[in-house]
Structure formats: C-alpha cells, structure tokens
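Below: one structure, written as structure tokens.
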Amino acid sequence: MNLTLRIWRQSGPDESGEMVTYQVTDVSPDMSFLEMLDILNEDLILRGEQPVAFDHDCREGICGSCGMVINGSAHGPVQTTTCQLHMRSFNDGDVIDIEPWRAAAFPVIKDLVVDRSAFDRIIQAGGYISAPTGTAPDAHAVPVPKPDADLAFENATCIGCGACVAACPNGSAMLFTSAKINHLNVLPQGQPERESRVLDMVTTMDAEGFGGCTNTGECAAACPKGIPLASIATMNREFLRAARKAPR
Amino acid sequence: MASTGVIMLLFLIVHMAGNLKIFFGPTDFNSYAAWLRTIGEPVLHETWYLWVQRVVLLACLVAHVTSAIQLTHRDIHARPQRYRSKRPWRATFATNTMRYGGAILALFVIWHILDLTVGAVNPRGEAGHPYENVVADFGVWWIALIYVVAMLALCLHIYHGFWSAAQTLGANNAARNVVFKTIATVLALAITVGFLSVPIAVMTGLVR
Amino acid sequence: MSNPKKQNAAKRSTGGRNAGKPKDSVGAYTVGDAIVDTKAPAGPVEKRWDTRRFEAKLVNPANRRKHRVIVVGTGLAGGSAGATLAEQGYHVIQFCYQDSPRRAHSVAAQGGINAAKNYRNDGDSIHRLFYDTVKGGDFRSRESNVYRLAQISVEIIDQCVAQGVPFAREYGGLLDNRSFGGVQVSRTFYARGQTGQQLLLGAYQALSRQIEAGNVEMHARTEMLDLVVVDGRARGIVARDLVTGKIETYLADAVVLATGGYGNTFYLSTNAKGSNATAIWRAHKRGAHFANPCYTQIHPTCIPRSGDHQSKLTLMSESLRNDGRIWVPKTKGDKRSPADIPEDERDYYLERIYPSFGNLVPRDIASRAAKNVCDEGRGVGPGGLGVYLDFADAIQRMGLDKVSEKYGNLFEMYERITGENPYQVPMRIYPAIHYTMGGLWVDYDLQSTIPGMFVIGEANFSDHGANRLGASALMQGLADGYFVLPSTINDYLARGGLDAVGADDPAVTTTVAEVEDRIKRLLAVDGDRTVDSFHRELGTLMWDECGMARNAEGLKKALARIPELREEFWQRVKVPGTGYELNQSLEKANRVADFLELAELMCLDALVREESCGGHFREESQTPDGEAKRDDERFSHVAAWEYTGVGEPPVLHKETLDFEYVHPTQRSYA
C-alpha cells in the first residue's frame, strides 16, 4: 500500500519544528510501524536527506523506548506500543500524522525523540525499596498474600514509555507515578518507606512540570500495559494517608 | 476541588428536595422558605444559620473555582506546544466539558442569586414571596431557558465530578468503580430531574 | 597469560580501511602461550568461593569514596553492579546508550530465573544445579565458576524479593516455581512472562536510589567508544554523548563492562536494535582476549520473518512446545493452506526422528531439525523459512479454555505480530539467534586480560560453556553484578598502585584522537549504501555460514567475504549529518563497523573448533544419526583470542578445562 506521512521534523532542542510530508510506497501490511519508518529513512539517507530520528530498542513492546503520537493517539490506533503496531491497522492511501510526545516535562531533542529523564527522577525520589545487597532475609521469610502479589505485579508491568503523559490532555504523570507507588506500597517489604515514598515521588512529579489529573481516563486508555485508572485513586489514598501521618 | 465539590453537592441535594415543596402550593412553599430563616432558633438569631451556610458555600465555591483555575493554568503549562492532529474522542462528553460546564455554572450562580435571592433581576422580585417569584420567572421563556441549560450543565458536572471526587479522594478502586459510576449517574439524573421539574411544571401550567 | 607488550596492539589500526587480505591467508592464526592460571583457588569446589573471598584484600570503607569505578551498561549485570558498588561506598560512574537505565535489553527476558532453593523439595540442590549447568553447557565451562553460580543463585532470589520484585506466588503467599528448559526439578522463579523486566526494574530501582544519594553519576544516552589503557591497566573510557555528539573522557580506577552479547552481528536476532559489541570489541582491540566467539545460541521458537523489511525477531516462550506439535508438509513446495493438508501428508518430523523426546528435544536439536526440513524445501510461510507449531490436537484434548488459559498471552502476541489467529491456523515458527555464550575472557575474579577491566553478564564468556540453559542468563547477570564483582573488585583496588591519570596523559589523548578520527572517517565516506544494507548483508552471510550448522567450506567462504564487505563498507557507506548532534545513522555505522571485524573472529573460531558442542554444530563432526559429536581429546579448552590488528592473524591462547566433579558424556535424545 501507499501512504502519505506528515511527520514532525525538528533538528534540535532549541530549533522550531514543522510537519513535513513524505510519501512511502509499497508498504506491506506485515511491516511494523517502525519498519515502515525504517524504509522511509533508508530512502531519505540515499536521497541525501536527514533520516527521521525516533527512539526504539527492543521492538517487542517491553523496553518502553518507542513512542509517538500517531493520528492524535499515543502509540496509534491500537492499545499497544508503537513497535508492536503493524501496518495492517492502516489502509492504502491513508494520511498518517506522526508527532512526538508533547509535554513540558518531555522536551523534544530531535524529531520524534523526547527527553523522558523526568520519569527517572520520579523513581529516584523514592521508587525503590532500600535493601542493600547482602542484607536480605530468606525469600520465604515473609509470605505475600497472592492478591497483593498480583496487584503489585499488575502495577509493576509499567514500561515507562510515557504514553500516559502524551495522551493526557493535561500532560499529567499520575498513572506512571501511581504504578510504581502501588507496586511497592502494597508489598510487606515496601511498608517501612510507605509514607515517604508517596510524598517524595508526588512532590518530584509536581516539580518536574507535569500537569494535574482531571480524571479523564485518557492515560489508562493509551497505556500499552493496561495499568488501570484505579491505580491513581489508590495513589491518592496513599498520599492523603501519608500526609495525615507525616505532616510537613 | 473534590471535597468542596462534595460539600456543594450535599447542599444541592437538600436544595433540590426543598424546591419540590413547590408542588404543594404557595402556602407550603412560602412557609418552608420562611422556615429556612429560622433554623437554629432559639440558639441562633434569625437568618444566622442561613448566613453561616452562605459563607460556607461561598468559601467552597471560591476554593473550587480557584483550584479549577490553578489546575487549568498548570495543565496548560504542562503542554505548551499542542498536537497538530486532533485527539480522538475517547473520554465522555461530560469529562471533556468540565471546564466549560463549570464556567456556565459559575455565571449561573450569580444570576440565580440576583434572581431569586436578591430579586434584582426577577420579573416580580418581591421579598417574602418566593413562590410567586418562581412562577413569574418561568413564565418568561428565556429565563426558563437559562435555568434549563444550567441544569443540564449541572447534570454533566455532577456525573463526572462525583466519580472524579471518588478518584481524587482515594475512595475508588477497581471493585468499587461500578458502584461510584452508578451513584454518579443516579445523583446527576435525580438532581437534574428534580430541579428541572419546577420550570417545566410552571411552563406546562402544572404550577401556576 | 598474555604478553603484556601486546596489550596496546590496537594502536596498529582502529578502522578497516585497508582490511582486505589475500585469499590464501583465510583462516590464518598463530598459537600463543596457554592460559594456566584462572585465579580460581584450589581445594574442594564448594569451598573455592569462600576461599577466594577470604583471600581477597579489602578496601577500608573510609577509602572507598576515593575510588572511582566506571560501569558501562545498565542491564541486570551492570545495574546490579553499579548499585552494589555504590552501596559499598565507591564512587560509580555509569553509562548506558538508552535514554534510561531501565531499558537495557535484560528487560525482554521472558521465562524466569533459576535458583537452587529446593522450595519444592524435589531433590534439587546446589550440586544439582551445578551439574545441570555444566552438562547443559556441553562440558565447555569451568567447574569452579559454575559451582559459584549455583551457590549464589540462592542469594539472588532473597535479594530480589527484598527489593520488591513481584515473583509469582501461590495462594499460601509463598513463591511459585516451575520446571523450565527440560530439567527434572522445578527451580525456576518467574513473574509471568516478564521476569527479565521485573528483575531489571529491581536493579534499576536500587541504582536509582544510589543516583539520588549522589553515589552514582549516571550518564544515559552516552555510548562507550573506546577503553583508555594506561601503563597496561584499564583507567577509563572514551564515550560519546549521543545527544550533543561530544566526545568525553572519563577516568577511573577500574572499568566494568556489562554491555551484553553480540548476537546482533547476525542483523536479525532477538536482541534489541541497539544491542552492540562496540564496548567489548574495542576493549578486545586494546588487549582483552575474546573467548569462544563462535558459541552462539539459537532459539527454536521465534516468529519467522515476514519479508525483507524485517528488522528484528521476536521470541516466543519455549513452553509452547509442551503442547504444540511441530510439522511440515511431506512434499516439497506444498503451497496448500495447512487446513487442506491431510494428516497422512504431514511430517511430524521431531516425533519421527526423536520418538522418546518428540517435540521437547533441546533447543539446538529442535533448531537444526527445522533448518534441515526448510533446506529440503519443505518450509512453510513467506520464503519457506518456517515450520508449523500446531495446537489443533491440544485444543481437542484439553479444550479451548485450557489452552487459552495456559498460552493465551503468547497467542495474543503472535496474532498481534502476524495477524493470524493461532487458535484456527497453526503458528509458524523458525529459529533465531538469541544469546551469545562467548565473550571477553575473564578469570575467576571476572577480570579480563587487561588489569583493572572487569567484564560481567553476557559480555563475558564465563559460565555457560557452549550452550546456555533456559533461565540461566538472568541468574548469571545478577550473580556477577550483585555478588561476584563487588567482592573481587575490592582485591584489585586494594592492591593499589593506581597513580592519578591526567586528561593530558598521552594514552588518553591518543585514544580520544583515534575515536574522533574514526567518526570523521565514517562521515567522510559519503558513499551510496546505507549502514543497514551492510548490516543486513553481513547478517545473511553469518546466518548462512556461521549459524545453526557450520562447515569448513562455508566458514572459509565467509572468512574471505567479510574482509571484502568491510572494505566496501569503508568505501561506500553513507552516513548523513554531522558528529555534533543526535545522529542515529552514525551510531549504527560505528557499531556495524565493529560487527564487521568481530564477525571474522567468530567465523575463525568456528573454523578452528573442529568439533560440535552445544550451540556450535560442525557438520563434519556428527554421529551417524546426525547428532553433535564433541571431541574432548582436542577441544576440551577455552579458545581465548588475542588481537593483533584488523585482518591480521590473531593469536590463540588455550585454557584447558578440567572436569573433577562432572564427567563428560555424549548427549543422546533419540
């Protein structure tokens, strides 16, 4: 099939960008979306033009590197990662708009590549359990009820791609932050730092310039790993509880 | 926003229930309105309770609107550059129109106070005769229309707002989600139908 | 050990401009001194690690802060090492090419992690895990290292649970285990199909905590391009900031490489697109020996390629073979849809050739059998490179619900990628490059032949021999990072003699100049072929001649072709843009240039090892019924290669493998 792509091109962080139109021909429905961009890039290189820069790595939907807004939707029309989106989701003659994640906390580096280090800083603020190597008791010393373990796992599957922020009309990072807080706060091992974790991570999240939550649910609808919207409510509960217990 | 919203919502439930007294005729309704001024007597002086309530509601409203403005401001700054392509319409109409609905309601509250509390813009505007004032109001088509539009906006605002408050206050979870959504729907519909019954009754001549 | 004079041999060439060589020198190499001391203590195998730890010198806690340690890579090995070294008090400078340390490719491991916990009381023990690993590695690994790995496996699980890794649990709240990779005990801990992700996030979080504490200086989107060797010791790296293009030097007292394997030499593999061999290859060129480069693992159940556009391959869990039946049509070139092929015209070849193991034969055997039937022209799907994995019988026997409960998520993944519904149409699978057992040579301390440079995880060669068992990669990465390296690196640092190195040291300035020169040359070629086109061509060549089955003729052909391709690369590659910006083509070109050199060593090693063992199958060395045949007389050794120059004959150093506890036997699955 033949497609028209309109892609955001921006040569550097401080440059202004624009949508540029490209034609790609002979696209196979079996190609992944990124493979379609590979073809475009090979073509651009041979024509002496700059290829489109985009982040990608594992291409199997787990590393969280890739991410672009395709026709207005984070990761495109299917609820999965961009690398797992295939061209069979499109039709011959389609016009496809491709833009980077847009958020003040995710400045564009080049074309479709954005800086998501704000996510790392949120984790650094408390998204861990302090268990230095060598200090651990036997793994069976503390049983974890299966529902708690499952809930922790469900939240722990977050891949940190940033689609939640990109999809949120407010550019909010609540779903990302809540996933890590819920993963750790529900486990017995996470109890000692339960309050400081939520307070510190939320403070950092706010300081990074993410927007506030208005419960639109767009984040959960775009999340390729299906982190539920209820995680945000749980985080709010944890936050209110922590604020009561440790006022500052 | 969640807590102030919930307080105002509680007030609206009582307010709506009180309004229904209009169906028992002018005597009932007017004496109910008069009673409102005497709540808390003899401990409180006449209308003191009413003023306490007004102050609380005003504080809630101011806080609610201030938070809304702050949040909107923050959200706009969180995405300085907008997407070129249009976002597909995933969330409900209610969710997407919270800010517009909120603005409509804010303007309406001002109108409503000038109309039926102060009486300044009421076609009749006679103190101590709320029943007659109401009937006079809804005899005018465009005034009735203001009320209808505002109540529809209120319906949407409560529908998203109540569930949203459950999220924000951390009361919601996966299992309770359906419950909160249902309560939100029932509350939004009940309050709207209750409020709208009055102008409709006047316009259809049921209350005159 | 190696000749110290040769440790700066990389001076001779850092590029491949004059890389062509005459045909008669194909496969040339020289034999150097044997490696006799691996630093493993003597005595009973179960005491060796204790002995080593006791004998190792320690660094006073107050002095650790003064030592800077560079860690390259943030996967399971690098992430855990960086966090642990920082916890001990060292100042860690850490690098990853991804935008965040959480994205390293360990994240993609599905199956699980082995540990000899014996929680199932099914007869498992440290000794049994040790035995299984040595045997599974086809008797080409070191007993001392493997025993240590089995010992540490137990501590890893404790550590990860304490960090909050959400392993699968049973209703009683205790950890669940499953049997994996054909072993007879249930010792695999798992977190659904995302064990690698969960373990990596555990290490990433521990690392994040140390970053926040100021003990780790994290450089994301920064790629190591060379090793700085001063007076024969590793003292730093030269790295490129991938956003600004700036070349920077980072100096330290020791350098740890945790940069993963080199499976991407084959272009198509289950590795991440960015996975590369640059760090280990440049270190090799600075004097680190490269061990067993021909040991590559091929995984039988990957989704086949759908066309020339294919950019990578996706693995599907091996557990599918428990209930699926593998078959191809009996006749060549049968283009009928699978449903139209009657039962008696299907060849369930694994069940036919290996009646007792059937579809559950080990990875290498299943892979080779698939290759054979496809070579006969009986393969299915686009290009005829695929075999059916059919669940029709399983659905009939167990019911649709049971099948979907067990394999639902895998079926979904398959359908997302191929657009075919495996409940109705048999899946198509084909083998793919998955893991590399070879890597930089390290001693028992995980130190390379360059003093001060340590290599951990998949980047080293140490524990898996010629074949890695399922669920052992995660175990090794974490064992190295959390426990082994943090103990052994103390000894190196405590022995001192590390004088300050200045940025103006000639060793530093020369290395920087070489790196910059190479980037300039890559940009200057301005030819007419893209980097990917070279990479694809190299990959096809390697897959054909140095893939699932190898023979002398094919390897010689590859050895003749690779230098030509390399020369063509340096004459015709086109890299747009400049070096002073985010330039993904330049990043790729830099990596592919190294693959083009490494590939030659892989083929040479495969040619020299005239036996079949584990993942290395030489067609000349097989039993009458077509199984791999080891030659313990001649090849019971590690082949550690010393670099002498691009296209120059390398020097082979042999490290003999002794087996005191597990005695070599020939595998049989018929």
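By written order: A, B and C. Residues from 1 in each chain.
We take it that a residue touches a chain if its C-beta (ideal position, glycine included) is under 8 Å from a C-beta of that chain, and two chains touch if they have at least 3 such contacts.
For clarity, every value in this text was computed on a predicted model and none was experimentally measured.
Trainee: If each chain is a dot and touching chains are joined, what shape do you get: line, ring, star, complete or other?
Mentor: Here the contact pattern is a line, an open path with two ends.
Trainee: What is the identifier of the chain with the smallest separation between its Cα mean and the overall Cα mean?
Mentor: Measuring from the global C-alpha mean, the nearest chain centre belongs to A.
Trainee: With respect to inter-chain C-beta contacts, which pair, A-B or A-C, contains the greater number?
Mentor: A-C
Trainee: From the C-alpha centre of chain B to that of chain C, how far is it in Å?
Mentor: Here the centre of chain C sits 65 Å away from the centre of chain B.
Trainee: Round to the nearest whole Å and give the separation of the Cα centres of chain A and chain B.
Mentor: One centre to the other, that is 38 Å.
Trainee: Which whole number of Å gives the spacing of the CA centres of chain A and chain C?
Mentor: For chain A versus chain C, the centre distance works out to 28 Å.
Trainee: Chain A: which residues touch two or more other chains?
Mentor: In chain A, nothing touches at least two other chains.
Trainee: For chain C, which residues are shared contacts with two or more other chains?
Mentor: none
Trainee: Could you list the positions in chain B whose residues touch two or more of the other chains?
Mentor: none
Trainee: In their shared complex, at which residues does chain B touch chain A?
Mentor: 71, 74-75, 77-88, 90-91, 95-96, 98, 160, 163-164, 166-174, 177
Trainee: Once bound in the complex, which stretches of chain A touch chain C?
Mentor: 11-12, 28-32, 34-36, 38-39, 42, 44-46, 48-51, 53, 55-60, 62-65, 78, 80, 84, 86, 88, 109-110, 113, 115-117, 119-120, 123-125, 127-140, 142-146, 149, 152-153, 156-157, 159-160, 183-184, 187, 189-190
Trainee: Touching residues of chain C toward chain A in the complex: what are they?
Mentor: The contact residues of chain C facing chain A are 80, 83-84, 87, 98-105, 107-108, 117, 119, 155, 157-164, 166-175, 191-192, 194, 197-198, 201, 204-206, 208-209, 211-212, 218, 220, 243, 270, 272-274, 306-307, 309-312, 314-315, 416-419, 482-483, 486, 528, 530, 532-533, 574, 576-577, 581-582, 584-585.
Trainee: Quick one: in the complex, what on chain A touches chain B?
Mentor: 6, 8, 19, 69, 71-73, 97, 99, 102-105, 169-172, 209-218, 221, 228-230, 232-241
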